[in-house]
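Below: a set of structures, written as structure tokens.
One chain, subunit A, links the two complexes that follow: it is found with subunit B in the first and with subunit C in the second.
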Partner chain A sequence: MKGADTGDVKLELRSLRKVFDGVEAVKESNLILKRGEFLSLLGPSGCGKSTTLAMIAGFLEPTSGEILIDGKPVTHVPVQKRRIGLVFQDYAIFTKMSVRKNLLFGLEAQKVPRAEREKTVDEFAEKLDLKGLMKARGGELNMSEMQRVALARVLVTKPELLLLDEPMSNLDAALRASLRGELKRIQKDLGQTVLYVTHDQIEAMSMSDRIAVMNFGENLQIASPDDIYHRPKNRFVAEFIGDPPINMISCTVTGSGRSQRVSTEVHKDIPFETKVVSPGDHVLGIRAHHIVAAHEAFHGSIAAVVKLVENFGSEHVLHVTYGQDLLTVMVQPGFAREGDEVHVSFDLKDAHLVDRNSGAIYHPDEREAAA
Partner chain B sequence: MNRIPFNIRLVLPAQLTIMAIVVVPTVILLWLAHTDWQPTQNIPWFDAEFYWFWNFYDLWYDERFINSVFRTLFVVATCIAVELFLALGLALLFLDEWPWRKVAVSIIILPMMIIPVDAANAFFMLFNERGPINHLITVITGEVFEFSWLSHPTWAMVPIMLAEIWQWTPLMFLLVLTGLMNLPENQIRAAVGLGASPARIFFRVMLPLLVPVISIAVVIRAIETFKIFDPVYILTRGQPGGATETISMYMYNGAFVYFRMGYIAAAALLVLFVVVSVCLVLAKPLRKHG
Partner chain C sequence: MREQKTWQTVLKRTAVIVAAVFAFFPIYWLISTSFKPFDEWANWPPIWLTDNPTLQNYRIVFFPDLAREFAAQQEGSLDYKVSGSAWNAFKGSAIVSVAATIISVAFGTLAAYSIVRFKTGGKNYPFQFLTVRMVPPIAVVVPMVVLFSILKLSDTYFGLILAYSAFTLPFSIWMIRSFIDDVPAELEGAAMIHGMGQFRAFLTVTLPLVKGGILSTALFIFILNWSEFLFALVLTAGNVVTVTLQVANYVSASSGKLYGVQAAMGTISTIPVIVFGYMIQRHIVRGLTFGAIKR
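Presenting the complex of A and B:
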């Protein structure tokens, strides 16, 4: 009897750890990747995401922990035998071979019969729109073509798992946007399981089914893009995702349990039950588009001076003073100019209360559980 | 003095030096090649009688010269093939980190540092009639082996080429190793990820990428080997009967043993022409990357 819970899991990392010269590059990483899922490892440079990827691919030996593909441990299986497709940051197209030879390479290496490999290559050349390029040499391709060739080259071998290591970080913004869509379309068409490493939040948000946010070798949160954005689990995740970055406002928590209250510049002693955050000075995280701005004073607002206007095209972002803090506020274009006085406020239910000491964020429905 | 522009004054010393050491001797060579001048005739070289193209005509029918040219080409081809094969194999061993790797590299490139005459002398002693090589063969076979390598018309080439290969494989090794270490790593990783065997990765991915480096190494070594002199001079001086004479040895004998300066100048011109042509052909793969 095949358990539904194991049949659905493509990749599993169990307490995967890597230590380089005493530095813990990856700390006790646990991760489950389901069949057909697109999961992104997102984090700043040096957060351990590429190290994790290199261990899954087999280029690095983990210090401890286990890697399972389809429920079978592969931790000590050599790279060649893992049946993992790799796409690199520079695409690593074989520059001295034609595109056709590039696509045939994996199938030839795996001793697939000639008729079958020609058929598979033609099929994927069709799917990835490479028909006209088959005779071109690897060294002659542009970036968009290189991405498609790199994808086709691994996809023809029908990999169990596709690993992509920052495949778009060498590209300019316009090309990136169009390749994102292309990559997502191909992944969906084939139902390919993908692990995608990136430091670009837009790539992670727009393509992923789930995102794992990493920092200092630690998996901070693994959740859907919506949850990552709206329900970050801690300060790092909240601050790493979102453009403009989330506002962090100082606040004071008084009382405990059901009588807990929060005070900020605009809010005085509003009930805000957390049970977890201890009384004292803490931080409120609130995104720019949750802050309400008006020209006239309104209930609960305070006056603020516009220090800077950032033009985002469809919106403007105002940088305004807010007590000792500087706030970003999303407004309609033309709402205010630098030096204007505006009135701002926000609803506490849109804010995330960040524990100043641990950096943890507790959401209303989790507060009971966490307590 | 101020009338000479500043930039001209900057390049003038270098230009004059080059004129003195390259252009002037070349012009003299061109002149001598068309005379029959011999120092023993007791007339200065510029007074020698103009001889038109008779030197070249004679060279064409000079079997000893033609043989030395083909012998040299054979030495170049053999030595470079062996050196390249050894260098590639060694360099592959040194691609991964292992303990004492750096020390091993230093040891491998040591022969290159030795003065060629000394290196040749070592091989002279090794291949002596009662030398270690014959002694070793005697020990292995159990029969007294006293083969005179250096006076055998065919076998004498073996110690000469071995000396050359032993001394210059290190250079080829260094060049190839540098090339290997600079190969795009991700192309190799991609090939590994696609399930390719080490042999497939080497022949299909690494070797094609190495072509420019190998071309440079081969051209450098071809030019050098073409001028092979030290081992020949030390081991055989071209003997027996000119059977081991390479071009340099032939010219040395012609110019400094038989004192036929004009004739050898013509030979030198021809050789220059051959070397340049061969190198242009060998360097062809490089031009695409220029």
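Presenting the complex of A and C:
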């Protein structure tokens, strides 16, 4: 990796580790963030994403490993010299200062000449629609205004790298949806490199160029939103992404290589060639919208009873019996009611074969590649 | 139901009045006595408000010579054995109390900041240094006298300032710590992200937010210093005089304690405390309403 062209790489983490009282909060994290890229660290709370962010910002000293910005190591550079922007989860607005003072704060701290300061602040006030708020005190703002001020306050300093720590967790759902678009627009507009920390899969999926899914301090998969959704590398990623959650169906694998077969309650002895999986009991993962449901029996279908209907508005999600398991199936509104009998089936090409022991996932098209 | 409420109100108000009388009576008595002529100081039954108000007690405090001349013209005057005017004592108390308060609060602020932000000394440290205050001062006064005479600090302003600073520091740290604790670390983090060092972030962001708390602490420490008697008594020998020592000096050969003069001195010595308190009242009232966002 060393000596490679770093012109395109904004941030690089090399084997970054953090141990708190013997607990490994971040395990050997490796990550490359390209210039102008929007990358999300996605994971449940306590997965190490905020710790990673605090190390990049410089508030926490890593136990080992290196942080490079523009190819230069900054692991031991103090916070104020890293030229990183950070929007805190609670925004950390200076409540007794006016919004204008808040926006000027960073430029004053960096001793930018007065005329330039004022010009930059006005420019960003315009961009973030803060013109009317400039005289208000920080303490008088509501949550969404605070969020915009916090963002503007950081952006005026033209940071090399912008870190956002769950910036939308204090906002209500409707506002979040509209701000997602706005944030993405501003980021594209400025060509700003962004590292975004969130536990919200929708935020990560809708805004990111790439997503790093983390759990227990480990980077499980770094890939585009499409790949994360359609080609998860392991069971945790598959289950963390998607609403309703992916169905996990017990299955049995027999044979190996070209003669590998998978059996479930519906499908018996279907050829399902993947790279490596030992014969025995495993799991098939399949998303609700890949399952076909009909009122009448059809080829390969089995009968199932609807236990619950979840109304998603444009779709309904049925929870139906499937042998020992319950399956979620996405259908048109009004398709079935609780207690109805429906017929369901799915195509194995849409399924992920999950190794029961390691949690690793083998995709059907890896079989084709092997063939 | 309604009657019960009325009774509760009556009870509450009575309690407040009793508490207020209890608190204000000594102040009333102090001021009342300070204007009494000497033959009314210790009367029985007590004279609540004198019919013969005089400024003689105040004259003795500030102008002992003038008071002696005045007394000579009066029938049955009192033998005032007064050691110098009180100016010296006010000067001494002002120097010692102000300096010790500034030192205590300044070091207390830095120590409190360090304890809050860097967890200096570990989790139990804030409790450990408070134990210094569990020892009654009388228990340490003898070794202090020995120590001070060896260090040649006896009867010096510097010595007394040092002693007062050391003994009030735990209070300063303890009080200011709670104020700093209420300021989210993220506010300083935001300042640092924008290019400030930690100390500059503390000065520009945190300090203005805890200003009221620090001033309240300063008032509290100032009152402790201003009214301290024991250390002043044993660590000085005439060169340094404080207000509390001067009050104790007012005794006469014939009549024992000069209650009226002591009351006059006491009345005057409460004035700086009241003025200081009034000056920072705004901050005390505003108290802890920082308005910062918390989780």
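Just so we're on the same page, the second predicted complex is superposed on the first by the 357 of 371 C-alpha atoms of A that agree within 3 Å, B and C clash if a C-alpha of one lies under 4 Å from a C-alpha of the other, contacts with A are read in each partner's own complex, and residues count from 1 in each chain.
Convention: a residue touches a chain if its C-beta (ideal position, glycine included) is under 8 Å from a C-beta of that chain, and two chains touch if they have at least 3 such contacts.
Model, not experiment: these values are computed from the prediction.
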Practice problem: After aligning the two structures on subunit A, examine subunit B and subunit C and state clash or fit. | Solution: clash
Exercise. For A:225, select first, second, both or neither according to whether it touches subunit B, subunit C, the two together, or no partner.
Key: neither
Quiz item: With the two structures laid over each other on chain A, which partner does A:85 touch: subunit B (first), subunit C (second), both, or neither?
Solution: both
Exercise. In the overlay, answer first, second, both or neither for which of subunit B and subunit C A:110 touches.
Key: both
Quiz item: Is A:139 touching the first partner subunit B, the second partner subunit C, both, or neither of them?
Solution: second
Quiz item: Where does A:217 make contact in the superposed view: on subunit B (first), on subunit C (second), on both, or on neither?
Solution: neither
Quiz item: So which bits of subunit A does subunit B touch that subunit C touches too?
Solution: 57, 59, 79-80, 84-86, 88, 90, 92-96, 105-106, 109-110, 153-154, 157
Quiz prompt | Residue ranges of subunit B touching subunit A (in the complex, touch as defined) | solution = 184, 186-187, 189-197, 200, 204-205, 208-209
Quiz item: Which of the residues in subunit A come into contact with subunit C in the complex?
Solution: 57, 59, 78-80, 84-86, 88, 90-96, 105-106, 109-110, 139, 146, 153-154, 157
Quiz item: Mind pulling up the subunit A residues that touch subunit B in the complex?
Solution: 57, 59, 79-81, 83-86, 88-90, 92-97, 105-106, 108-110, 150, 153-154, 157
Self-check item: Footprint of subunit A on subunit C - complex, ascending
Solution: 184, 186-187, 189-197, 200, 205, 208-209, 290-295
